[in-house]
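In the two complexes below, chain A is the common chain; its partner is chain B in one and chain C in the other.
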Partner chain A sequence: MSVAELKERHVTATETVNALRERLTQRRQLLLDTDVSTYARNHGKTAISFSPTDLVCCRTLQGHTGKVYSLDWTQERNRIVSASQDGRFIVWNALTSQKTHATKLPCAYVMTCAFSRSGQSVACGGLDSACSIFNLNSQVDRDGNIPPSRVLTGHKGYVSCCQFVPDQEFHLITSSGDQTCGLWDVTTGQRISVFGGEFPSGHTSDVLSVSVNTSNSNMFVSGSCDATARVWDTRIASRPVRTYYGHTGDVNTVKFFPDGQRFGTGSDDGTCRLFDMKTGHQLQIYSQQYGENDDIPCVKSIAFSISGRLLFAGYSNGDCYVWDTLLAEVVLNLGSLQNSHEGTISCLGLSSDGSALCTGSYDKKLKIWAFGGHREVV
Partner chain B sequence: MQANGEAAAAALTLTAAAIGGSPTVSQDTRGKHRIFAELKHLEQEARFLEEELDKLNRIENVSASLQLLLHRIENSPDPLLPITSGPTIYVVGSVVRTASGLAWL
Partner chain C sequence: MPASPSKTAAPIPPALPRPRSPPKYPENCGTRRLQLDAQILNRKILFSREELQSLEDAQPVSICCKEVDEFVRTNADPFIPQKRKRKSCSFLSHSGNSIFHCFTHFETVMASRLI
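Let's turn to the complex of A and B:
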């Protein structure tokens, strides 16, 4: 076949794909007969009402000398690991605020950190395009730093996010600026699978975030600069299970809903969204009204409360909105509370029992928030 | 609800004009291989989209799933809410105790 003929077929195929996408958009639009907030209001639901002292900052973790970029809780014993622009990760006892470990990283430009299921290992990744694994029980070197027990190399771009697979101590999922996600065996250092990249249905730009489904650990969701989120089955690397459209900017953060049937996203377009994983429907948009000339703050990080009723969202302007997920209303702004952060809240994480939220900020601190008011149990 | 026109914007936009003009014989081979690979990708993408369209015919409206969502949220205990269902949340004065027994305040 000649080049000219190939080009003609290429043009035809492009038109076919574009037409199919348009049909898909229109078909899906017909199925969007309501959203969560309209449905909830029609069923008589009203927004959560917080008094000013209901959610309080009960701990401030100080020690980093640079912006905090990432944090993660252990499954039990309530420790937190944080990674910072100062090139270190620190492990904190969240109840006492004490540091249990502080280690200088091989590459100072860290972007993400995560605890393994047992809490014995920490993974950190960043601009070195690698993910370093640290065993917290290892002996420290002469400088007092824990040397990495394994370095996972293979990505061709920065490692933006990592998370251990919840029921597998030695499997790690990463996302990268090379447009792919990876599944790794941290004991061997081998990359088991690559999600995206050379395959056409993978992300078409940097991948910024991953979240593993705690109800079905074979599934994870990724968010990308291509403005989409994609759900993957770790057993099928060749294509995503589904691609979710809607955002008009980079998807900076993704998080599964507590029941694993839905997931939330946060984006540079200033909105958070809730998607149904199985059907692909966009269930709700969480957005504020802005003036035409206003700078729209980006959503940097999100977390759901343990019931899913609250969506916490950290924004680039220092706000940390608490959204009522059912009514799509902002019910609190942690960023404006007493004793709150003095900069962008870059990362959020809920403790495993749902009793506390940890926030990390460009002000170099982490804070823990818990309920301090009168509670009614029904 | 928002029109998902962004999906169209996310569609591939390569056109014949972007591919380039007539190359020489030696450049022709490289161009041909690249165009062929892109064509295969496009054809595979079209198949995936047709599969998804087919699946959409069997998917329910948004409203069909929301009753379960409401039920799930309202019946899950939540230590961060001022009103929540039991029994795993215990209130002792102003001290919040969860099933794991932690108290932050």
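Let's turn to the complex of A and C:
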């Protein structure tokens, strides 16, 4: 086929894609009969009300000498691992604030860290395009650092995020600036599957975040600079299960809703959104009003409370909004409370029992928040 | 007297070779790229048609909202102020299994006594 014929086919195919996209938008519009907040209000829901001392910062973890970029809790809920611009990961006892491990990383430019299911291993990845696995029971070297037990190489771009598959100690999912996600066996160091890349219709730009579905660990969601989120089945790497449109900027963070049927996203466009995994519907936008000339802060990280009623969102301007998920209202700003962070909230995560929230910030600290109010008894 | 050109002119040298225009090769540059782009677009068309098909039977957003509401309603949340029936006066029974709630409540009580 000649170049001219190919170009003509290209034009026709592009027109077909655009026409189909338009039909999809219209069809979705017909199904968009309400959203979560309208439904909740129509069914008599009232917003959660917090007094200023209901959510308190009960621990400040200090020790990093650079911005905190990532954090993760263990399953048994009392240890946290954090990774920082200072080129180290630190493991903390969340109850006592003591550091149990502090290791200099082979590559100082770390972007993500995660605990394995057992809490025995930590995975870290970053600008070296690799993910290093550390066994916390290993002997330290003469500098006091734990050497990596395995280095997962294969990505052609930075590793932006990683998470161990919840019910599999040795499987890890990564996201990368090379536009792909990977599923790895950390015992062998082998990449089991690649999700995306140019031909298999994956993301068309850097992938920034992943979240594995705790209700069905074969499924995970990824968020990308191409302004979409995609859900993948780890058993089918050839194509995403579905692509979710709506954001108008990089999708920096994704997190499954606790029921495993929905997921939340946070973006450079300043909004968080809730999507239904099965239908692809956008159920709710969580957005503040800004003036025309205002700088809109980016959403850097999100987490749902254990019931899903609260959505915690960390922003580039230091705000940490607590959204009432059902009514789409901000019920508290942790960033304005006493003893809060003094910079961008870059990462946050909930303990596995949902009783504590840890936030990490560019102010080099981590903070643990819990409910400090009184519960009324009747 | 000038010599007659027909008898004494130097022999005409053979014509110098001239560079020829390059042959018209088929334009392969960019063809591979265009073929790949066409394949990508065809897949996008296929996926879009599949998605349209799936939307024929899809439930409306209101059903999803109902499911979200039901899930939230039926799950307790350590971060949400709640009214609970009195079970005992024990501090520990109010805190449930949450170590952090125990600790925070304890700190709050101690702080209030210092005021």
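Here is the rule we go by: the second predicted complex is superposed on the first by the 373 of 378 C-alpha atoms of A that agree within 3 Å, B and C clash if a C-alpha of one lies under 4 Å from a C-alpha of the other, contacts with A are read in each partner's own complex, and residues count from 1 in each chain.
Just so it is clear, a contact is a pair of C-beta atoms (placed from the backbone, for glycine too) under 8 Å apart; a residue touches a chain by one contact, two chains touch by 3 or more.
If you're wondering where the values come from, they're calculated on a predicted model, not measured in any experiment.
K.L.:
Between chain B and chain C, positioned on chain A by superposition, is the outcome a clash or a fit?
P.N.:
Clash - chain B and chain C, as placed by superposing on chain A, overlap.
K.L.:
May I ask you to decide whether A:373 touches chain B, chain C, both, or neither, giving the answer as first, second, both or neither?
P.N.:
Touch status of A:373: both partners.
K.L.:
Taking the superposition on A as described, I'd like to know which of chain B and chain C A:226 touches: first, second, both or neither.
P.N.:
So A:226 only meets chain B here.
K.L.:
Looking at A:10 after the superposition, I want to know if it touches chain B, chain C, both of them or none. Which is it: first, second, both, neither?
P.N.:
In the superposition, A:10 touches chain B and chain C alike.
K.L.:
Kindly classify A:28 by the partners it touches after superposition: chain B alone (first), chain C alone (second), both, or neither?
P.N.:
both
K.L.:
Is A:96 contacted by the first partner chain B, the second partner chain C, both or neither?
P.N.:
In the superposition, A:96 contacts neither chain B nor chain C.
K.L.:
Tell me the contact category for A:58 with respect to chain B and chain C: first, second, both or neither.
P.N.:
After superposing on A, A:58 lies in contact with both chain B and chain C.
K.L.:
Looking at A:248 after the superposition, I want to know if it touches chain B, chain C, both of them or none. Which is it: first, second, both, neither?
P.N.:
first
K.L.:
What is the contact status of A:36 with respect to chain B (first) and chain C (second): first, second, both, or neither?
P.N.:
Both partners.
K.L.:
Could you say whether A:356 touches chain B, chain C, both of them, or neither, answering first, second, both or neither?
P.N.:
In the superposition, A:356 contacts both chain B and chain C.
K.L.:
Taking the contacts chain A makes with chain B in one complex and with chain C in the other, which residues are shared?
P.N.:
In the superposed arrangement, which is not itself an observed complex, chain A uses residues 3, 6-7, 9-10, 13-14, 16-17, 20-21, 23-24, 27-28, 31-36, 39-40, 43, 45, 48-50, 54-56, 58, 78, 95, 201, 239, 242, 258-259, 262, 276, 279-281, 283, 305-310, 325-326, 351, 353-357, 368, 370-378 for both chain B and chain C.
K.L.:
Under the stated contact criterion, what part of chain A meets chain C in this complex?
P.N.:
Its residues touching chain C are 2-3, 6-7, 9-10, 13-14, 16-17, 20-21, 23-24, 27-28, 31-36, 39-40, 43, 45, 48-50, 53-56, 58, 77-78, 95, 198-199, 201, 239, 242-243, 257-259, 261-262, 274, 276, 279-281, 283, 305-310, 325-326, 351, 353-357, 368, 370-378.
K.L.:
Quick check on the complex: what are the chain C residues that touch chain A?
P.N.:
Answer in residue numbers: 26-27, 30-31, 34-45, 47-49, 51-52, 54-55, 58-62, 64-69, 71-72, 75-86, 94, 97-101, 103-105, 107-108.
K.L.:
Would you tell me which residues of chain A are touching chain B in their complex?
P.N.:
Per the stated touch rule, the residues are 3, 6-11, 13-14, 16-18, 20-25, 27-29, 31-36, 39-40, 43, 45, 48-51, 54-56, 58-59, 76, 78, 95, 200-201, 226-228, 239, 242, 245-248, 258-259, 262, 276, 279-283, 285, 305-310, 325-326, 351-357, 368, 370-378.
K.L.:
Show which residues of chain B lie in contact with chain A when the two form their complex.
P.N.:
1-8, 10-16, 19, 22-23, 28, 31-32, 35-36, 38-39, 41-46, 48-50, 52-53, 56, 59-63, 65-66, 69-70, 72-74, 76-86, 89, 91, 94, 96, 98-100, 102, 104-105
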